[in-house]
Each structure stands twice: as structure tokens, then as C-alpha cells.
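Take a look at the structures below.
In the two complexes that follow, chain A is the common piece, with chain B as its partner first and chain C second.
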Partner chain A sequence: MVMPASRESFQGGVFHASIPGGRSGATLTIARGELIADTISEPSIRFSIPLNQCQIDLGGASNRMVFCRTAEGDLTIFCEEKNFAKELDFQSGGMLAGPLKELKKGLAADANRFRFWLTVSAVACALLLFLGYFGVLWTAKIAIRALPVSVDEKIGSMAFSGMEMGRKLEANHPASRLVQEIVDKLKPHASIPDLKFKVTVVEDADINAFALPGGQIVVFTGLIKEAKSAEQIAGVLAHEMSHATLRHGIERVSQSLGIVAAIQIMVGDVGGLVALGAQVAQTSILTSYSRAAETEADLEGARMLNAAKIDPKAMADFFAMLKEKMGDLPDAMAWISTHPQHETRVQSIQDHQKKLPVVQYEPLQLDLKAAQDAL
Partner chain B sequence: MQVDIRNRPSFANLHVQLGAGDRIIAEAGAMATMSSNIEMKTRFNGGFFGGIARRFLGNESIFVNEFSASSPADLVLTQPFPGDMICTELRGNTLYLQPGAFIACEPGVRMALGWAGLRSWIAGEGLFRLKLSGSGRLWFGAYGAIFDREVKGELIVDSGHLVAYEPTISINVGMAGGIFTSFFSGEGLITRVRGQGKIYMQSRSFDGLAAWTNSHLM
Partner chain C sequence: MRHQMLCPPAATALRFELEQGESITCEVGAMIAMTSGLTVETTSKSRGGSGGIIKELKRMFSGENFFLNHFTAQLPDQSLLIGPTLLGDCVHHSMRGGTMIVQGSSWLASTPGIEIDTTWQGFSSALFSGESMFWVKCSGGGELYLSSYGAIHSLEIDGDYTIDTGHIVAFEDTLKFNIGKASRSLIGSFLGGEGLVCKFHGQGKLYYQSHTLPSLGALLGPKLKAK
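What follows is the complex of A and B.
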């Protein structure tokens, strides 16, 4: 007699002690309230479990395998085909809906928990990487600040020798002597007493001056020509010397530090840092320091001028004069265009001056006219 | 076809006696010696892409060799590491093998590469597993001795010792105990197998060998 079969048959398997090896693949059908398994082996053996006696369980390697066991547990029929659970539920008249739903809920909870932990670990990994990256950079910055000033000097002289610039004036040229004398007057008031300031006057029409790390200062002849007084030159020099004593150069190096250089510093390789610093110093002098660094250098410069009995107002005057003279042509004066707004700048210098100790200012006994004429 | 596993358990090898018209499929490179009248055909292991996937993901060869003979002949198949081999017969059921365990099968057995999941990977069992289904005999090998367990319920095994299991078994990774126990007991992660079915285990693990070798270097 042919059994009225379910609409579909499924590929699954069966566990039973009577099968050689205890297991076999089987073709499953659901009919007349029974789950029937015909083993694939030759000859085929038929097993069946009435649906109302089915103990349903889910699991297996895929977590989708549906097991149907007898109450005694001696016969198990299983299948992981997608529609099997649906068909089983349908044919049993919803009898299995409860346990199936319960099991699926458990599986969904498992999957959710897994997804949750996967997300948590991914976020934790990302956070660790992020913190590690910035932690190394931050530590390296601190390490750089702790380096001796001799490192600044090395970076400065390396950058200086690698720079292309106009003809350097002789040390005994009147303009060089003038600048040197001002530096000598300001030097005792520098915040780093043993920094070796070296000043070079370079033939260049630009009104410009810059400081390299370690005290290398370059003044363009254009600046000397345009200055109205020796005090104004002193103002610019005090500002540039302050960049050196405040170690803004090495600060810039640490800002442009990549992760590789940061790790190098942390393992004690300063040589790489010097090379990097020289490179940074060369490419960034003309683009200048940050606004905050400029303001800081203004204020420190004003302090030095005041201590050297030179009126800091001369520095403010020079900026004001330049602004007036150059207008808003940024390319005419790279130095001023990247510097803070001159109004705020003059204001902050004047404000700062009030906080400085009151000193009787002495005019500089220097012949600016002779130096300008010699150019 | 008569197949004997000889020199068990340490240096097991398959001694295959092919009758006229018999065929056997073996992992590429497994053949140690064969009669001159055996014809060897090489084909992609489960198609071109399947073969490549099996090579790179399942640690098996791109190619498998099919040996056939028109008159009685001998063939010896080996595996690259010392250990036992075992024969099991598929009757329409399925068996999952860990990468590298497969040695040979009869033509009625189908091979496919299946995704084993992240859990299996974390357990050190690989992201993929070889799925063998169909009908016929199947031989696989392991590092060390092979023993099987009929699981009904739950069993804990050390990661790296599991060689083969049936699809009715679910695999979960867990810690051996608390954080402290897991780190200092030397057990680390363990694998929890659950369900009904058979698992095959190897008495040695490659991770164990690597760790032991490592401790003797330098």
C-alpha cells in the first residue's frame, strides 16, 4: 500500500541502534501524523515517529538542524533543510509551534549575543588602536620637549646649511655689526642663558627675518633698509630670539611627527628626529609658526626688550609700519601676512608692557643710518 | 577493492589493492608507491574554483588524484605527519573533516568546502571544513592516535584535537574556566561539542607540538 506522502520529501538522517554504524542518511516524509525516514542504505529500512510523540530539539553544526526524538530517545530523525521545520509544524497542526518558537527564540538570542560581543570587540580594538596611536604621538611630544637644547642646535645648523638664500654679508659689514650688537645686548635676558645665538644678514629685498631652532637667526637686508630705528630691528630680533628660546621649532617638529618617527624617538633614535627636524625647519620657516606661537614670541620678545631697557613699543611700531606700508599684499611680505592681526598684536604687546616692571628706557647708541648706507 | 591500514598507529599508511575496474580518489601527493598498471588521472578538487578554495581555505590540495586499474594492482597512500588513519563508511550521511585530514575516498563520496564559522576559527579549528557526503568508504588521518566518541549531550574537548564530526553536532568555544584558570591551567580555550553524533579526535595536536618545539628553541 502506498502511503499518502507529504507534499515534499527532505534529505536528512536517522540514528538507531539497528542500523550498521548506528546512523544513516535518510529520505524524510511527513504523512498521516507521522514523521517517516527511509534510510538510503541497501536495503532501505523505514523508521517512523508519530508527530505527537516527537521531542523537538534544534542544534547541530549549522544550528539549524531539527531533531525529532522518541520519548525513550532510542530513535532520532533529523534534517536541516529550510522548509522541514515549517512543514513539520504545518503537518502537526501547530502542535510543535510552541517548542519550535521557543527554540528559535533561544537561537536568535544566541545570535544577538554573538553579534553584540563581535561589535563590542570590534569597537574595543578600534579604540585601542586609536588610543595607542595618539598615546605614542603624545608620549613622543613629551619626550621631544625633554631633549637637550643641543638637539635644537643640530637641527638649526643642518637646516641652515641646507637652505638656499642670497649672499651672506661679512661679519664686519656695518649692517652685520649693528645686528650683532643688538643681539649681544638682548642675549643676557634670554630665558635659556647658554643658547648660542648666531645671526646672519642675507642680501634679500624682502622685509623678512626668521629664526631656526637652536638660535640661528637670519635677517634680510630689506628689513634693515626699511627700519625707522635700531629699536625696531631690536624688536624683530627679540621676537625671533624668543622663537628659539621658547623652542617653537622643535614644537613644530613634534607636531609634524609621524607615527614612525614617534616610535623612533621612544626607542631612543634621536638621529632620525634631527633629520626630520631639519626638513621641517626648512619647509616651514616661511610658512611660519602657529598664531599662538607668534603671540607667545611677541610677549616674550617684549619681556626681553623691557629687560634690556629697550621700549617694547618699537616692536609694535614696526609691525604697524609694515602693515601700513605693505597694505594687504600678502606676497609682498610673507612674514607679516602669516602673523596675527597687527591691531590685536600691537594691543596685546601694549597690554603686556603694562605688566612688565617699570624701567627707564635708554635709546640704543647705534648708527642705523651708516648701516643702511653701506647696503 | 581491499584497503588495509598498515603500520598503525604511529606511521599508518593505506595499502590499497585495486580489483579490475576499481577506482579510488586520493589527496594529491599522498601516493607513495603504485603498480605500473595503475592509471592516475588528476582533476580539480570539486571544480576549478572549488579546488582553489579548498587549497587556500581548507588546507587541501587544488587537485585530487583518481587511481584506477583494469587489472589487479597495488597502491600505497600516506600522510605527511606521523599518526593513525581510520576508515569510516558514509551511508547517505555527512561528515565534516578538519583541514588536512582527508586522505582518500571511494567515488561515491562527494567533497565540498563548507564555511565552519568564526567560532570554529576562534577554537583553532579553521574557518572552513571539508564536507563529505554521499555513500562509500572514506579514509582520513590524524596526528597521533585517533579515537572516537559517541556524543549524546555535551562534551568538552581541547581546541586542536578535533579531527572530524557529524553535522548533528554543534561546536561552541568557551574558556576552560574563569579568566585565571583559562590562562594558567594551560588549557586556554576549549571547545564544547553538543548534540548527538560521533566525533573523531586526535591524541596529539599541532599547536601542542609547536608550543613544545618553541620552548626548546634558543
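What follows is the complex of A and C.
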């Protein structure tokens, strides 16, 4: 069957040993069952391959170039134009349809394989990033807990000096002396024996007290005024001292740790951690110990009170008193507002008390009235 | 127009002898010396070729300059001396139609019949071939001059051939390459120091360089004192 001549010509090229340099650009036409290439060089040389002897291949830098080779492989005509493959297929009467289809299928499979590996690599990269991020944070947290208590003390004193507070009472003020005596009584029973507790009483009407990392404790005069007994103050102090001995401050620092700080710690930059800790302590430590940390401090505080022969019930009583006095108005009671669900806490302190060794409680020989009058 | 390679391959410079009216397009900054009968015109597109801001910007991505310098002889017997930025070789390639794909920064000069554009060779080549993300595509007919760090060797490929990553200077568009492992196993490939390689397939000419700048940098870098 003789096919009509190709209606269009294509720009392509030829490889043949007789061409200087072995290769030349060429104008291609398909006519009378032959693929004809006229080189663009001067003088033009004509090459042709009968379509039925054409060995088809796809490739080139673009992967879309169609090559037609003789069986001996000494002559190759190629073209990258879009319609060339279609025309070749049409002119060959479907003879080349099979091989062309096979080649295209192969290319599609290659592309799919590439897409598969691209997806796999993208997922793997994302997973590595994810694991790396949390791995670094987790390791830094472990590292922070292994730090000496002196780091807590540094964070605490830096945070304390940067805080804006009311007037600090003198150490020989009756209220300061009262608080100091309670702390002295509780100190021997702290779980970290050499922690240096330092108490400051600050003039402030809020019923509040807080502990900074390292044993720095601040008590507001409002709390002393409202206390019904020295034991109640002891209850609050035991709770706050427990935050320090349980190192909740540094735990809080490690929780708010960013990836940059975590890396700093892992390369041994403790100074950076102290600065970060001081910042965290100032901004969020007062209001955001976790509920678990609060409960832990309650139970540890109860243990300390019990060991110091003070009835832990006083702690529970203080919560109950505040609840009764103020109702549920958190703004008026800063201390209680950060310690939610105190009914549950009262219950859990009482339950815990039953598990503690039985001791003969001794009332505190302290003059609360005199301290309150001096305020 | 005639050309002459001076001091190849270590410190190659190219000398062109131009007749009146002949011109050549060079990389910006390549000119070393020239006679007074040559005029220089700086444009952003190849002589006689199509331009467009996109094309120029694409050329910058491939590591070439936004601008091109066209040298034209206004008088007979003019000579122009050009050289590449790096120490190394230059080669001359005669093009009769077709396309040459050149690694970014290796294009040095070409005669006006050659169109210069930029092309993308796929993700794997962009990431792992050790060359720049984009390649320079030179097509048409004329004389093409390439440069590279180290000596440049050429090879007529017919079938398969493997080149280490970072060593490709240029190849004809009838060749395609894939990134692959040097040996059967991936670990073996890296232990052998070859890692990934470029595997060429097809028929056509390939230019490759004997040395690569990154390997020199890797050798020198650790020995340099921090500022």
C-alpha cells in the first residue's frame, strides 16, 4: 500500500558517519513509505529509511525525541516535534503503532516510579523533621531535670529581682518573723535538704503567695491578714515550698522551651537557659502550674506539715475558709484562682492525710494576732 | 572568523580573528583585550534571536549573566581575546542545527546563529547532578565556545555511558541522562567514593571536565582560617 506524501515537514536531525562531525540538523518528510532527511548543511545531503525497516526509540534530553534507526544502526534520523510520532504512525499504516505505544508506556511507568519515590522521600523528610524536633525537645527536658539545684536558685533570684512588687517588709517585722519561723520549722522536712528557702513578705492586699525556683518564697500581707491561724499560713507555705522542692519551676521552663533553647541546652549553654527561665518565671509561673503539679504540691505539703507535727487539715481548712469567705470570685483571691477545684483538693488532702504516719500534732506557739496587728 | 586556543588546558584564553562585519556574542566580563576596530554592544538578548525578560531572568537562574556582550568588527583584521573566569579549558563546538545543553556558567561565546535559552532537566537532575538547577540551551547553527574548570574532554556516545556528578560540561539533546547509583548497592556506591552518577543513554556528543570546583573547595575549605 502506498501512502500519500507527508503533508508537512519537520525539523530534526541525522546521525551518519559521512556527515562532517557525524551529525547535522535536517528537514524531515515522510513520503512513499520512507522517512527522508535533507541536511541543512551546504550542500544538502539526503538520507532515507524505509518505514518498515525503522527501529523506533524514544529518548533525548526531553525524553520526547523520536529516533528512527536502520537495523545496522549506521543511520539515525530523529525529531522532537509534537506531531512527528503521529505522522510516522499514520504514514506507516499502523506498523509503528505497537512499538510507539510500548515506548510511551515505559515512559509513563518511569514517571510513575519517579512520582512514587518523590512522595516516599517527601514523607520520610517530614517524618525525620517531626522526630528530630520532638527528639531534641524531649532530650533537652531530660537534660534540664539533671541540672543541679543551683540552676533553680539562679533562675529564682533573677526572676525575683526583675519582679515589680509592693513594699517589702523588714526581716524583723513581726509578720516577717512569723513567716520565717514557720519556714524554719518546715525546712528540716523538705525533700531537698540543702535548698536555701528565703521568704519575703510584701505589702499587698491580695490573698496570695508564690514560690520561685530555688526556694524564693513571696507572701502577701493580704494572706496573713485573712489567716485564721498560724497553721493555715504554715499550710500555704508548705504547699509553696513543695513547688520549690519538687522543682516545678524548672519543669515549667522545660515545658515552655522552644526548639532553639532546647538546642542551646544540648550544646551546653546553661546561661541561656537561666535567662530564659527567669523570663518564664516572671511571666507565667505564678498562674500556670499544671493541675497535676498543684496536686503534687498539696500532697508533698501535707507530708511536710505532718512531719513537722502540724495538722495538714489546716491547709484544707484554709482553702475551705477562702471558698466560704469569697465564694467563687477568682479575681479577689489570686492565690486560690490559680488553684482550681479546691473542693477536690480538700478531699484529696484529707484522703492523703490518712496514709501519713500518725503523729501527735502540736499547735504552733506563734502570735498571729500580734503579726496581724502590726500590718 | 578564525579562532585560536592559547595556553590550553590550564589557563586557556581564546583569540578570535574577525573580518569586517563579523560578530561574536560573549559572556559578560570575558573580554581580556581587543583591537580598536571592534565595537561592543551590551544587550539582554542574543543577536538576531528572540528576547524577552523571562528568557533573560531564566538565564540568570542557570548561572549566566543577565546581559550579553556582542563584539562586531567595524574594520578588517580585528582580533579579540577572551577568557573564562576560572582557570581551565575552552572547547570549540560546531553546530549544524540541533541543540546543545550546557551546564550553567560553561557557555563562553557563540556566533550569532546560535540562540541561547535556559532549560530544566527535571527534579532529580536539578538536585543530584551536581550542576546548577537550570541548564543553558544553545540551538541553531554556528560556532559555540564552552569553558570549564579543569580540562575538557569530549566523547561520542552511542549507547550507555556513565559520568560522575559535577563533571558534565555539555551534551547534545539526543542524549538523555538519569541519576543513578555507581554500583549495584547504594552503600557500595558511597563507600567507593562515587555516590551518585549521571547515566547517559542515546547517541550524541558529550563534553566533560577533568576536575570540579566543589571538590577543590571541599579540600581547601577546612584548611582556611575563620575570619
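One rule holds for everything that comes next: the second predicted complex is superposed on the first by the 368 of 375 C-alpha atoms of A that agree within 3 Å, B and C clash if a C-alpha of one lies under 4 Å from a C-alpha of the other, contacts with A are read in each partner's own complex, and residues count from 1 in each chain.
One rule holds in what follows: contacts are C-beta pairs under 8 Å (C-beta built on N, C-alpha and C of every residue); 3 or more make two chains touch, one makes a residue touch a chain.
Quantities reported herein were computed from a predicted structural model and do not represent experimental measurements.
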Are chain B and chain C a fit on chain A, or do they clash, once the structures share the same frame?
clash
Touching A:157, do we find chain B (first), chain C (second), both, or neither?
neither
Under the stated touch criterion, which partner chain does A:76 make contact with: chain B (first), chain C (second), both, or neither?
both
Touch test for A:23: chain B only (first), chain C only (second), both, or neither?
both
Who does A:61 touch here: chain B (first), chain C (second), both, or neither?
both
Once the structures are superposed on A, label A:15 by its partner contacts, choosing first (chain B), second (chain C), both or neither.
both
Should A:216 be classified as contacting the first partner (chain B), the second (chain C), both, or neither?
neither
Contacts of A:208 with chain B and chain C, given as first, second, both or neither
neither
Touch check for A:41: first (chain B), second (chain C), both, or neither?
both
Chain A residues contacted in one complex by chain B, in the other by chain C:
11, 13, 15, 19, 21-26, 39-41, 59-63, 65, 67, 76, 78, 80, 118
What part of chain A is in contact with chain B in the complex they form?
11, 13, 15, 19-26, 39-41, 59-63, 65, 67, 76, 78, 80, 118
Mind pulling up the chain B residues that touch chain A in the complex?
89-94, 96, 116, 118, 133, 135, 150, 165-171, 194-198
Going by the contact rule set out above, which residues of chain C touch chain A in the complex?
94, 96-99, 101, 119, 121, 123-124, 141, 156, 158, 171-177, 201-205
Report the residues of chain A in contact with chain C in the complex, numbered from low to high.
11, 13, 15, 19, 21-26, 39-41, 59-63, 65, 67, 73, 76, 78, 80, 114, 118
